[in-house]
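Okay, so subunit A shows up in both of these, paired with subunit B first and subunit C after.
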Partner chain A sequence: MVNHGMPQTLEEALILLKNDEYQIIAGGTDLMVQHRHWAQTLPKIPKPVLFIHHVKELNYLLDTPEYLEIGATTPMDMIMSSPLVPKILQHTIEEIAAPGIRHMATLAGNIANASPAADGLCTLIALSADLVIASLDRKRMIKVEEVISGPKRNKLAKDEMIIAIRIPHQDQSMSEFYKVGGRRADAISKVSLAAVIHVHQSIITNWHLAFGAVGPRVVHDIHTDQRMIGMKIDDVKRQTDAIIAMYEPLITPIDDQRSTAVYRKQVALNLIRRVIINLH
Partner chain B sequence: MNEIIFTLNGKTVSCPFEPTRRLLDVLRQDFNLIGVKEGCGEGECGACSILLDHNVVNSCILPLGNVHGKDIMTIEGFKTTKRFKVIEQAFIEMGAVQCGFCTPGMVMSTESLLHHNPHPTDQEIKIALSGNLCRCTGYNMIIDAVKKASIVGDGLW
Partner chain C sequence: MSDISKSIPKLDAASKIAGEALYVSDISMPGMLYAKTVRSTIVKGKILSIEKPSLPEGYFIIDRQDIPSRNVVKIIFEDMPYFATDHIEHYGEPILLMVGPHLDMMDELIKKIKIEYAEATPLFDFKDSVVHYEYAKGDPKSVFERASQIIEMTYETGYQEQAYIEPQGMLAYPEVSGKMTFIGSIQCPYYVKNAVIHALGCSEDQVRVIQATVGGAFGGKEEFPSLMACQLAVAVQKAQKPIKLIYEREEDMEVTTKRHPSKISLKASVDEFGNVQGIIAQVSLDGGAYVGLSSVVLSRAMIAASGAYTFHHLSVQGDVYRTNNVPTGAFRGFGAPQMFFAIEMFMNHIAKATHQDPFAFRMRHLARQGDQTSTSGKFRDPIILEDLIQIATQKAKYHQKAKAFSLTDQYKGIGMSFFLHGCGFTGSGESTHIKATVRLHKLISDKVEIQVAAVDMGQGLKTTLPKLVAKILEIPIHQVIFESPDTDVVPDSGPTVASRTTMIVGGLLARAAKELKGVWQSGIDQVITKRYEQPSYIEWDEATMKGDAYPAYSWGVNIVEVEVDRLTMQVKVKNVVSAYDVGKAIDEQIIRGQADGGITQGIAYGYLEKMVSQKGRIRQKNMTDYLIPTSVDIPKMETILIDNPYPLGPYGAKGAGELTLVGGAPAVCLAIEMAIKRHITKIPATPEYLMELINHE
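For the complex of A and B:
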C-alpha cells in the first residue's frame, strides 16, 4: 500500500506524484469537510494523501514588472494582508469564510476544488490570472479558467500540481467584488460578481465580469466583455438595459440548498446594474 | 516518517503517523484536552478553535499532517498566561459567558486577534470573532469583553 506523503520540497512532492496517485491536501478546508466521517474517526479519503503544506518554497508572494506571483501554499490570510495584492483580491478574501479558515486555506485549493461558487476563483478569472502547473517532467502555464472542466472537476493530470498563480499587472481602478450570501462569515456565495474595470478619460479601457454560482462553472465571456472596451461611460449608463440583456444569456443558475435559480438570475443582473451605476 | 512531532502547550509531543486524523480528535482523545469542543465538525462554528503558530485555526478540519513541526496552543495551555487572566476577567465582568460551550473558542480567537492587533476597533473585533458562533449571549457582551481586555491588558500584547 502507498503511504501518505509529507514532502518538504517541491522536488520531493513532484517525485511522489510521478510515482503514485495521490490526493493533494493544502489547507484541507475543502477536503476535510468533503470527506468528513463520524467524530473520532478518520475522514474517508479514497486515495493516499500528499500533504503540501510543508513545502515552504511555495509559500511566497513575488512582485515582478509584469505580474504578481503567489506560491501555491501561501495561506489566504497572508495574501489578504499583503500590500502587493490587488485590492479586489484582498476584498474577495475578506469575504471568504473567517480568520480560522483563512489561516489555513489557499487560493490554489480554491481553484483546484473548482466550485462554481468559489470566490477566489471568480476574482482570479476576472483578473485574467494564469496558473503555473508543474510535474516532474515539465512546467506549463494555463489561464485559471481553462483549468476548470466542470463543477468540482479540474484538468490537472495525475502527476501535476499547481505551483503558483500569476496575476498580470493591469489598470483596474474601478474593480470591485460583490458577494451575496446568507451570513457575513462562513457563507458560500449564492451569487457573486467580480468586476475588473478601468476607465481612462471617461472611456472603458479594461472590462472583465466574472459571475460565481450562476452556472456549472464561474461565468466569464471574454467576447461579451470585449464589446465594452472603448465605450464612453455616459453611453454605458444610457445603455444599461441593453448591456444587461447582452449578459443575460450567460447566466444559467440552478436551484439548490442555498438559493433558487430565479433569485440568482435576478440578483446577478442587478449586480451588473450596480457596477454600471458605480462607474465614474 | 513514522511519527508526527509538534509543540503542544509548550511541550514537544509525538503521535503515530496518521496524518489525516483531525487534530481535534488527537487533542481530545490522546491528550485529554477537552476544552477543545466539537460543535459542527465542519469549520463553521469555531468551538474547536486553537492556535497554530499564534494564528487561530479550526482543529475539526485540520489534518494532523499539517501540524508537524508547528506550535499548537489550546485553551488549557493558554490558561496559565497573564493574558488569559485578563481576558477571563473581562469575559466575566461583561457577562460574555452563559453556557460556556463557545467560550474556549472565543478566547482563542480573542488571543489571535490581540496578538496581531492589540487595540482593535469594534469592526475588527467582529471580523475576528466572525467564525465563532454563540447560541446564548447575543455577541454584544463578547465584543465588549474583548474591548475591555484590550484596554485592561494594555502592554501585554
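For the complex of A and C:
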C-alpha cells in the first residue's frame, strides 16, 4: 500500500519525511512531465508523493536588511510580480515557460529538479543565493550551486527539504539575463547567461556570470569571476577577447535535439561579449 | 443581394467553445476496449520470435495472423502492411495491438511481450529509387548548348510535422447487423471505408465510416487513418467489442507520416540579356520505408518546377527514394512547399550571380495569361499576380526597405515570394479517380441537407458549404443542415484534400442548389444529385506529364521582414504582408483564418520547425522539442484579397487551403539572406545553420 502525503504544515511535512522516503512535489510542472504515462492514466512516480503545495507557511516573500527570503512553495508568478525581488530574477521568470506553468511552478522545485537548462537556477547562482534546508532534527544553509551534484541530481538527504531561498542583497548596477531558446516564448534554453555585476566609479566591484545548458551543471566559476574584480570598465572593453578566452574552457556543451555544441559554445561566448558591450 | 464574402459567425464555433463538440477521444461506448500499438524497436531487420504473455479474460493480442484478407493499406502505392511482416523496415513499425478494458493492465502485459530481432543495415541515403518521373517542355538541350551562362544550385528541405492539436484517433464497433462502424479523426471517410473493405475482403455494405469532430489535420489525417482502421477492423472482428485506438502525442510524432524531406538540384541556362532560357531540375524525395502516396507528392513538386514564372524550356526529373526512415505522406502543400522554396531562392541566386536586380529579374519572368504552363498546358484565366505584387509591395514598403537593408549592415532583411497553387487533383484525377458525387436532400420540413463526404477539420466547411447553398436557394442558413459525413448517408464526393473542396465540391453543390431552386416544391421530399464533369478543355497525358495539370490556379505574394541577432543568429519576424487571388472568398474571415495559419506554418517551415531523423529515429518527438511558433513569434499580419472569379467555381471561388503555406519559407529565407548577406540553401534556416554560414564564408 502506497501512502502519499499531503501535509498542511511544515512540521507535518518534516515528520512524514523523517519516517518514509518520498518524492516531494510542489507545483509538479517538471515531475508530472518527467513521469507522464499514457493519456487517461496516472503518472508513474516511483516513490510515494509528498505534495507540499498546501503548506501555506512556506508561501511568502520576506525582506530583511541582509537578504530577501522566498518560501519554498511560493509560485513563480508571485515572485515575478513582487517589488521585493531583484529585476534580473523577475526578468528570468518572465522567460520561463508560460503563465499557466508559472502559476504552479516554484523556484525551489526548479532547484531540486537540477536541470542544467533551468533558467531560474542560472540566475539564482549568479545572485549567490543560499538555500535553507530543513529536516525534523536540523536546519542548514547551503549555496544553491553546491546542492546540485549533476543533471537531475541533488544532494538533499532523504529526510530533508528546501524550505526557503535566500538572496543576499548586493550592489548590482547591471544585472542581465539572456535566454537563447528555440523560439521567443515557452522554450527550453539552448544557452542562457545570467550576469550580476556592479560597477563603482568605473571599476568592477561585483562580477558573477552563470551559464545555463552548456555543461552537465550550470557553469559558474567564482575564481574566474574574481579576476574581473578591480578592473576598469575601459580595460574590460579593451580586453574583451581575452576575457572571453578566459571563460572559454569552462563552456563544454553537447549536441542534442535542441541545438549543437558548436552553436552553444559560440553563443555562450558571444553573450559575454554582449555583457561587455552593455557594460557601463 | 449582399456579397457572399461578407463574414458570418462560424456555425460550429459555439459547440466547440462550449466543449460540446465530440472528438473521438470523448466518445465512450458500453463494453468498450482500448487498443495500444506495440511497435518495432529496431529500424531494419527480421523478427525472429515474439513471446506473448498469457492474457487475462477480456484481453486480446491482434497481429497479422488474425488478418482475414490482405495485409496492406490501400493507398496509391500498395506497399505498406498494417501489421509488420517478418521484415521490419522502419522504427516504430506496428507489430501488434494489445486490446483490453484497462490501460494500466495493458501496460503490464505489453511489458511482458518479448520480441527478438536480427538487425540488418538500414539505408538512409537517396539510393533506392522506387518512383521515377520526368517531363520536358520545349527544347532544353539546345538552350543549354547556347547558354551564355549556366547557374547551378542545390537546395534541401527537412521534415515538417503537421502538429495537429488532436492526435490520431479512431473508434470501431460491430453492429448487430454484422456491419462494422468506424468513428475517426479523419479527412477522407471513403479512403477509410475502401481501405477496410480491401483489408477485410468484405462487401461495401459491411463498412460504415463516420467523421468525429476533427481537431486539425493538415494532410496528416488523409491516408494515415486508413492504417489504424485496418488494424481496428481486424481487432473488432476478433474481440467483437467496440475498440478505441488513440495515439499518444509522442507516438504520433515519432511514427505517423510527415512532410517529405527533399533535395532539389536546379540548373539554369541564362542568355546574354540575363534571361533564363531553360531550367533543368532534379527533385528527390525521401519517401521513408513505404511509398504510399509519395508518387503524387512528387508529381506536384515537379509540376511546380517553374514556380510562378514562365520558362520556355524545361527538363524535370524526379524520384521518390525508399529509405528506412519513417514513412512520409500528405501535408498541406503536397510537394509544392519544397519546390517553391527551391525555385524562389534559385531565382534570387541567379539574379545575384548575373549581377541583376532580383526584383526586376523576377518580374521579367512572371507567368502571364496565355502562357504555356510548366507541363505545356495553358494559363487560360486572367493572372493578376502583378496587381498582387503591387499592392503587397506598397503596403510592406518593400522597395524602400529592400534598398536600405541591402546596403547596410544592420542585420535586417525583407523577402518576397511569388507563388501559385493548382486547385484540385492533378491532371484528370478528378474525373478518372475521384468522380465526385454530391447530393442535396430537401426534407418535407423544407430543410435542406447537404450530403457530401467533405470534412470540416477547422478550415470552415461547416460554415462555407451551408452558406453557399443557402445563398443560392435564398433561404436562411439555419434551414440548411450539414452533419459530419457518415458513409451510410452521404455519397463519395472525394477526399478533403488538394484545395479541392470549395471549388469542386462547393461547385457541384452550387449547381445542385440552382437546380433545386428551379424545381422547389414546398413540403415535398426532393433529392438532387450532381456528378463531376471535367471541363472539356482539360487535356492531360499522365505518362508524359503533358497538358493541363490543374483546372485552375490560385496565386499569392508573401512579404516577410526580419531582424537577425548578430550574436545569437536568432531570427525575429517583424512584419508579414500577403496578397492572394483565391477567385472569390466564400467567407472573408474564414479565408483570413486560412491565410494567417497558412503563412505561419509556411514561415515556420522556413526558419523554425526542425525535425531530424537520426539513424531512422525522429529526435524531436514532442511539442517541447519540436517548436512551432507561438503568438509571440509571429507579428501582426496583413492580408489583402483581390477578387478574380473563376468561371467554374461557386461564385468564382478557387482553392485556398494550401496556397497560403507555400510561399512562407522562401519569403522568410530571402529576408534572412538579405539580413546576413549569405546564400541560404537549406531549410529550416535555424540559428545553428546561420551561424555556420557566417563562420564559413
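Just so it is clear, the second predicted complex is superposed on the first by the 279 of 280 C-alpha atoms of A that agree within 3 Å, B and C clash if a C-alpha of one lies under 4 Å from a C-alpha of the other, contacts with A are read in each partner's own complex, and residues count from 1 in each chain.
Here is the rule we go by: a residue touches a chain if its C-beta (ideal position, glycine included) is under 8 Å from a C-beta of that chain, and two chains touch if they have at least 3 such contacts.
For clarity, every value in this text was computed on a predicted model and none was experimentally measured.
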{"item": "Partner chain(s) touched by A:128 [first = subunit B, second = subunit C, both, neither]", "value": "neither"}
{"item": "First, second, both or neither for A:110, with subunit B first and subunit C second", "value": "neither"}
{"item": "Which of subunit B and subunit C A:274 touches, first, second, both or neither", "value": "second"}
{"item": "First (subunit B), second (subunit C), both or neither touched by A:25", "value": "first"}
{"item": "Partner chain(s) touched by A:6 [first = subunit B, second = subunit C, both, neither]", "value": "first"}
{"item": "First (subunit B), second (subunit C), both or neither touched by A:266", "value": "second"}
{"item": "Touching partner for A:39 - first (subunit B), second (subunit C), both, neither", "value": "both"}
{"item": "First (subunit B), second (subunit C), both or neither touched by A:189", "value": "neither"}
{"item": "Contact residues of subunit A, present in both the subunit B and the subunit C interface", "value": "39-40, 184-186"}
{"item": "Interface residues, subunit A side, partner subunit B - complex", "value": "4, 6, 25, 27-29, 32-33, 36, 39-40, 42-43, 45, 49, 51, 53-54, 77, 94, 97-101, 103-104, 184-186"}
{"item": "Subunit A - residues contacting subunit C, complex", "value": "37-41, 180, 182-188, 191, 257-260, 262-263, 266-267, 270-271, 273-274"}
{"item": "Contact set on subunit C toward subunit A in their complex", "value": "25, 36, 103-104, 107, 246, 248, 567-570, 572, 608, 610, 619-620, 624-625, 627, 629-633, 687-688, 691-692, 695"}
{"item": "Residue numbers on subunit B that touch subunit A, as the complex places them", "value": "1, 17-22, 25, 28-29, 38, 41-44, 46, 49, 52, 55-58, 60-63, 65-66, 68-69, 109, 112-113, 127-128, 130-132"}
